[in-house]
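What follows is a set of structures for review.
Next come two complexes, and both contain chain A; in the first it sits with chain B, in the second with chain C.
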Partner chain A sequence: MFAYLVRRVGQAMAVVIGVSIIVFFLMHLLPGGERALLGARATPVQVHAFVVANGLNHPIWVQYVDYMGQLLHGNLGYSYHYNESVNSLLAANIPKSALLVGVSVVIALLIALPLGVIQAVRRNSPVDYVFTGASFVGYSMPVFWLGIVLIGWFALDLHWFPAEAPQGAGVGAAFSQPRAMVLPVATLVVVNVALFSRYVRSAALDNLVQDYIRTARAKGIPERVVLLRHMLRNSLIPVVTILGLSMPFIFSGALIVESVFNYPGMGLLFWNAAQIHDYPILVGGTLVVSTAAVVGSLLADLAYAALDPRVRYV
Partner chain B sequence: MATTRDPLATRALVERTAAPEGGEAVASRGIWRVILDVFLQNRLAVVGVGIVVFFLLFCFVGPLIYRTTQVVTNLTLIHLAPSSQHLLGTDADGYDELGRLMVGGQTSLEVGLAAAVVATLWGTLWGAVAGFVGGAVDAVMMRIVDSVLAIPPIFLLLFLATAFTPSVSMLIFVVAFVSWVIPARLVRGESLSLRSRDFILAVRGMGSRDRRLVLRHILPNAVGPMIVYATFAVADAILLVAALSFLGLGIPPPAANWGEMLSNGLNYIADGWWWLVYPAGLCIVLVVVAFNFIGDALRDAVEVRLQRR
Partner chain C sequence: MTEAQRVECTSLLRVDGLKTEIRQRHATIRAIDGVSFSVAQGETVGLVGESGSGKTMTGLSIIGLLPPGGRVVGGRILFLGQDLARLPARAMRAVRGSGIGVVFQDPMTSLNPCMTIGDQIVEPIRAHRESDRKAARRRALELLDLVGVPQAKERLKDYPHQLSGGLRQRVMIAIALSCDPKLLIADEPTTALDVTIQSEILELLGRLKAALSMSMLLITHDLGVIAGHADRVIVMYAGRIVEEANASELFAQTRHPYTGALLASIPEVDEGTDRVLYSIPGVPPDLSQDRQGCAFAPRCDRATGRCEVDDPQLEGCADHSAACFNPLTTEEGSGRSPMHAVAVEPRRPPPSSADKRAPLLVVDHVVKTYPVTTGVLRRRIGAVNAVSDVSFTMTQGETLGLVGESGCGKTTLGKMIVALERPDAGSIVFDGIDLTKQSNRATRTMRRNFQLIFQDPYSSLDPRMRVGPALREPMVINAIGNGVSRDRRITELLGDVGLSKEAVRYYPHEFSGGQRQRIGFARALTLSPRLIVADEPVSALDVSIRSQLLNLIKRLQEAHELTYLVISHDLSVVRYLADRIGVMYLGKLVEIGTCEQVYGRPAHPYTAGLLAAVPIPDPARERAKRRIPVNGELPSARNPPSGCRFRTRCPRAQERCTVEEPVLQAVSGTDHQAACHFPLVATDVGKSAQRDGSRAFGSDGA
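== the complex of A and B ==
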């Protein structure tokens, strides 16, 4: 197990370095970034001064080594546009995104787990067909369309919830306006329930035909206990893995939800940065989000190894 | 996402669709027949094929019957409600909405299909080589795959789309760039397990070169899972293109695609102009659901190949 842990962490670090190389080179191969940033009226002298000040005149691999050196000191760079360090921008925005994603994933799991189990137990019944169909539709819907249709119904027509997410700095703003959080969270929940419930259903189906379920039933254990204590617990193991692996997709959904509801988190910051070619934010943001995804999948893998006694790694 | 194991879902797919021993592919006409039978038994799949055929006719034959102007704007005709003249009304530029759905669908379907094919072919080749060569080359190639896989697709897309001028071929390239990694992992697993099979040893013993081994013996055995993957990839690609259009990185007018139409139409949600909000969204959902149905059924069908062995 220890050797597995070491190898697995080593791989994760290699992936983070790989991400940094891909992101950095993609970004700096783009032509004319400084021109787009400084505007058409900047004089050649000003452009040159900017290029020199930001070290853009060095060969790209020198720039990369410099960047990584700074990164190891915990410095993600300095935003061109906001005149603020990327660290402080991310520190201000990440907690809000983490709140949005965290709350939606937890709610989605609370819905998807019982739903998937019911579907598996009632396999090929009308209940199963209805929910399977619904999850296909939820999975196939453009996230932004869902978000805006929800705004149309619940904010504009019924006036139940505000159309815009809580504004204002810090996580506190979200707590002071819980009603404004409902629609953004609901949008992400729908998408994630559709994703998770399909996996829970298939995991539950795999477990239902196992011998240990038959044994439990033969011992006269009530069906409810068989399902909850025996089957559900074992079905959770693959769901943990899926959760870890779905991180990049969940973050993607969150970015779109943030721009639909003008939720001032990481995704909105990133999207704005893409519009104004603010490279340090784009590189730093992608690195942080991807690292979070790598760590998520690492934890999921380790949890898998810890939860399932049949899994032995050497 | 570096894992020593493949992701659960993909691993299950690989295991279930593990290729038969070599040579069987030659004598497998009966097996393909069985696959077709199982596929047709799945009613949802038949519905899916029906939807796809409908939209292919709608988008590519439709404009020949329902003739509209989709290049020149007409500002005297903007935001008209559906009528006998314009069956689904008109949009903010005076384009006929139904006619635009047909033209826009062409782009969406073309980009979706092309991106899926490019991604699947490239990923398959990448995975086959990595798994076949093994060792350090494999490790490096798969860490590249893991790195691309770790970057959230929308972040990567935003990145690429700011870098390149929007056009149809750019969209195909960009979407393929984020989706080639999953087939690469699938095929790599397959290729790794095939490498040690007896028939590969036999072919090698007959003096076959590596390139021929990969192209003629490894790849054909991965065809089943790859077709399944490509089907899902079409669905994902259509959704990704729609998301890109919403984020303002679609193809500029007068070209149209469903995502572009939808995100433009959503500006009018407060005006009650439903014909700009729902039809384009419905088209996307229907086509994406259809490809997912077909993919699901194909997966089951390919699985049969194993059970009948």
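== the complex of A and C ==
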């Protein structure tokens, strides 16, 4: 197990370094970066000064080595546009996105688990058809449209919740205005429930026909126990996979929801940075998110072993 | 007291006119269509039939665990005065696991992989006995001891995957017995197990049944298992009972033609190979269609006009009844000879061993290991010895059977012979060319000479490829012929394997299992191979279909001048097909010789034990035969025992076996070799006294 972990962490580091190379070089291939950043009226002298000041006149591999050297010291660079270190920008924005996405994923999971199980147990019944239909509607609905519809109903018509997410800087604002979080979270929950419940349903269906479920029933234990004790744990494996895959979104945020509800998080930060070619933010953000993706899949693999004693990593 | 009353009061379970249907999307299958029988206190009733006969559905109807869409639509199931068919769910739950225990077929999948053995045994105890946790655990421990699980205390904390198949089935039995059921339903309890483990489990079931004074409903397709362990036998066909009799009576005085045909279709382990096996023509009926007349009539060689119109009912006395208008006469039904008479055809003589042609295949000191690694850098800490140092030769046109239990390396050896795996050492010379020294490209062109036939006809054909393209593909890959000649070849081959040429237009799922296996044969033959490695070619098929295929395999050999390597765990199948037999144990070839030598005068104690463990479909012989225990479990192939690998399970093992590894050496005649320091056959022992393996062992006990 320890050996496996060491090997996997080694692999993860290799992946992240690979990602950093690709991202770093691709970003610098984009034409007209300085121009876009400094504006059309910048004089050539000003542009040159900027290029020299930021080391952009060096060969690209030298820039990369410099960047990675800084990274080893925990320094992700300095944003040209915000005039602020990328570290502090991420520190301000990641918690907000993590809160939004994390809370949504947890709520979605709590709804999707029982929902999927009920659908599987009542397979091909009206209950199953209704929820299956609802899932497809939920999943195929464009997120921005869903967000706008929710605003239309619950904010503009019914005045139950504010149309805008909490505006304060930092994550504390979200806690001070919990009502304002309801609609953005709900939007993400609808989409995620639709997705998760499909996975749970199909995993549960696979497990319900297994021989050991029949054995459990032949023991004469109540059906509720059969489902909870025997089926559910065996059905969690695909759920763990999607949870692992959701990890990067906790760090990258949900761009569309963030922009519909004007909730400044990682999604919006990233979007704005891309518009103005703010390389340090883009590279730094991508690195953080890709690390999250790698860590997420590692955690998922470890969770498999915890769930299923047959899985042993050597 | 009338007969009916007597049955009423002594029977524990009485099934009366049971009808069960399974609703599917487009059809309703009448899985059980009016079945009545009873199980008396302390009795073992055997329920025999092929797949689709309704035997498993009968068991599942009794405990109310029918698959989705399944429903009991008529009849009564009386158990201890309650009609189980009409019991509300909660009351039914109280019966399940408490009044009736069930053992299912596959111990690999029947236990929850995520729960410890202990928790799984404790579960029904706590559900029915409401004893506290500690008492339930003590009871679980007792049960594990009872079913013969060694070191029961440590096992409680194990997960199912840490146990072998045999031990898992013991755990299943412990679960079934946990609340002292009155009735045990054992649904194919040993089908998934190796033959030596099978006999241990069957014995255990019989012993426990007597000790706990239970009744048992033993459901199986295997007439040999039934012969040895059932008091009364019920034969089912197409959802109905066709014959019911005391076990001895059924085998000695068969009345229903179906039962007779089934018995005649089984190749026997102690029987010569010079006859064509009887096979029942056709396939079982589609149960979603309305039936008229006797369901077996279309496949029955005794059917008359009446059989197609009227429905035969069970007739006869309480001891023996059959549902047939033209039952076998006393003479026809006794023994199995009359059925043979119908079918006997002369068979080609095996290529004589005197015929010393250049061998087609020489397997020489072949070794294959799979590494076991550990640590960050995957340091190699050991190896699984799949095949260690195996040598044999095969001549053109002969059939070599390779037998052994799961994990003995027979499949790995087969894969190396068709160049799907490369040996770590040794050579495999096919027709003068050493396969192990060929480049990948050269191997590819060699491949057309040797083809593989797989066990499972359901997964070995691409479900999205019609039969035509599937058969054409090997010829296209090897650039053989053109469009016209390929199609001609396909038509020819389909004819050879007994399928119509229309088959090319259909997908594999539109065929039955037997037909699919025929397609598998046609596919293997497209390239006109010289050697065919058939890995468990008929294991997935029902008895009546199996005999059709076995005969086909023999016929194709003559028509296409094939050399066969037949790999199987089933000793009777191998005996029927093969000229020579090799017995493998833990990666070693322990005995090789002609069929007569190996089956008639087994030299290696393992061979003798294997042979003795095969159930014979004849109660008199099955019960009389002496048991030779092959004790305990198969040792790990990672750390095989020193010296002779079989010594840990061998009743004859001595000091020398631990130290010195026996090599294959001639025992009787030059062709018969065994790797044993203390072989069973003394050269001077008469042939007649050694007819079956058990006696050979008994008379020579050291």
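In the analysis below, the second predicted complex is superposed on the first by the 305 of 314 C-alpha atoms of A that agree within 3 Å, B and C clash if a C-alpha of one lies under 4 Å from a C-alpha of the other, contacts with A are read in each partner's own complex, and residues count from 1 in each chain.
The rule we apply is simple: a contact is a pair of C-beta atoms (placed from the backbone, for glycine too) under 8 Å apart; a residue touches a chain by one contact, two chains touch by 3 or more.
Just so you know, these numbers come straight off a predicted model, no measurement behind them.
Of the two partner chains, chain B is the only one that A:156 touches; chain C does not reach it. Measured by the number of chain A residues touched, the leading partner among chain B and chain C is B. Contact with both chain B and chain C is seen for A:7 once the two complexes are overlaid on the shared chain. Of the two partner chains placed around the shared chain by superposition, chain B is the only one that A:286 touches, whereas chain C remains out of contact. Look at A:106: by the touch rule set out above, it reaches neither chain B nor chain C. Looking at the shared chain after the overlay, A:217 reaches chain C, while chain B stays out of its contact range.
In the superposed pair of complexes, A:308 makes contact with chain C only, with no contact to chain B.
Looking at the shared chain after the overlay, A:15 reaches chain B, while chain C stays out of its contact range.
Residues 7 of chain A lie in contact with chain B in one complex and with chain C in the other. Those residues of chain A whose C-beta lies close enough to touch chain B in the complex are 4, 7-8, 11-12, 14-16, 18-19, 21-23, 26-27, 29-30, 136-137, 139-145, 148-149, 151-152, 156, 199, 238, 241-242, 244-245, 247-249, 251-252, 255-256, 259, 270-271, 274-275, 277, 282, 285-286, 289-290, 293-294, 297-298, 301, 313. For chain B in complex with chain A, the residues that touch the partner chain are 1-5, 7-9, 143-144, 146-156, 158-160, 162-163, 235, 239, 242-243, 246-248, 259, 262-263, 266, 269-270, 277, 281, 284-285, 288-289, 292-293.
Chain contact summary for the complex, chain C toward chain A: residues 63, 65, 67-68, 89, 93-98, 101-102, 104, 106, 109-115, 123-124, 127-128, 159, 161, 172, 175-176, 373-376. The residues of chain A lying in touch with chain C in their complex are 3, 6-7, 123, 209-212, 214-223, 225, 229-230, 233-234, 307-310, 314.
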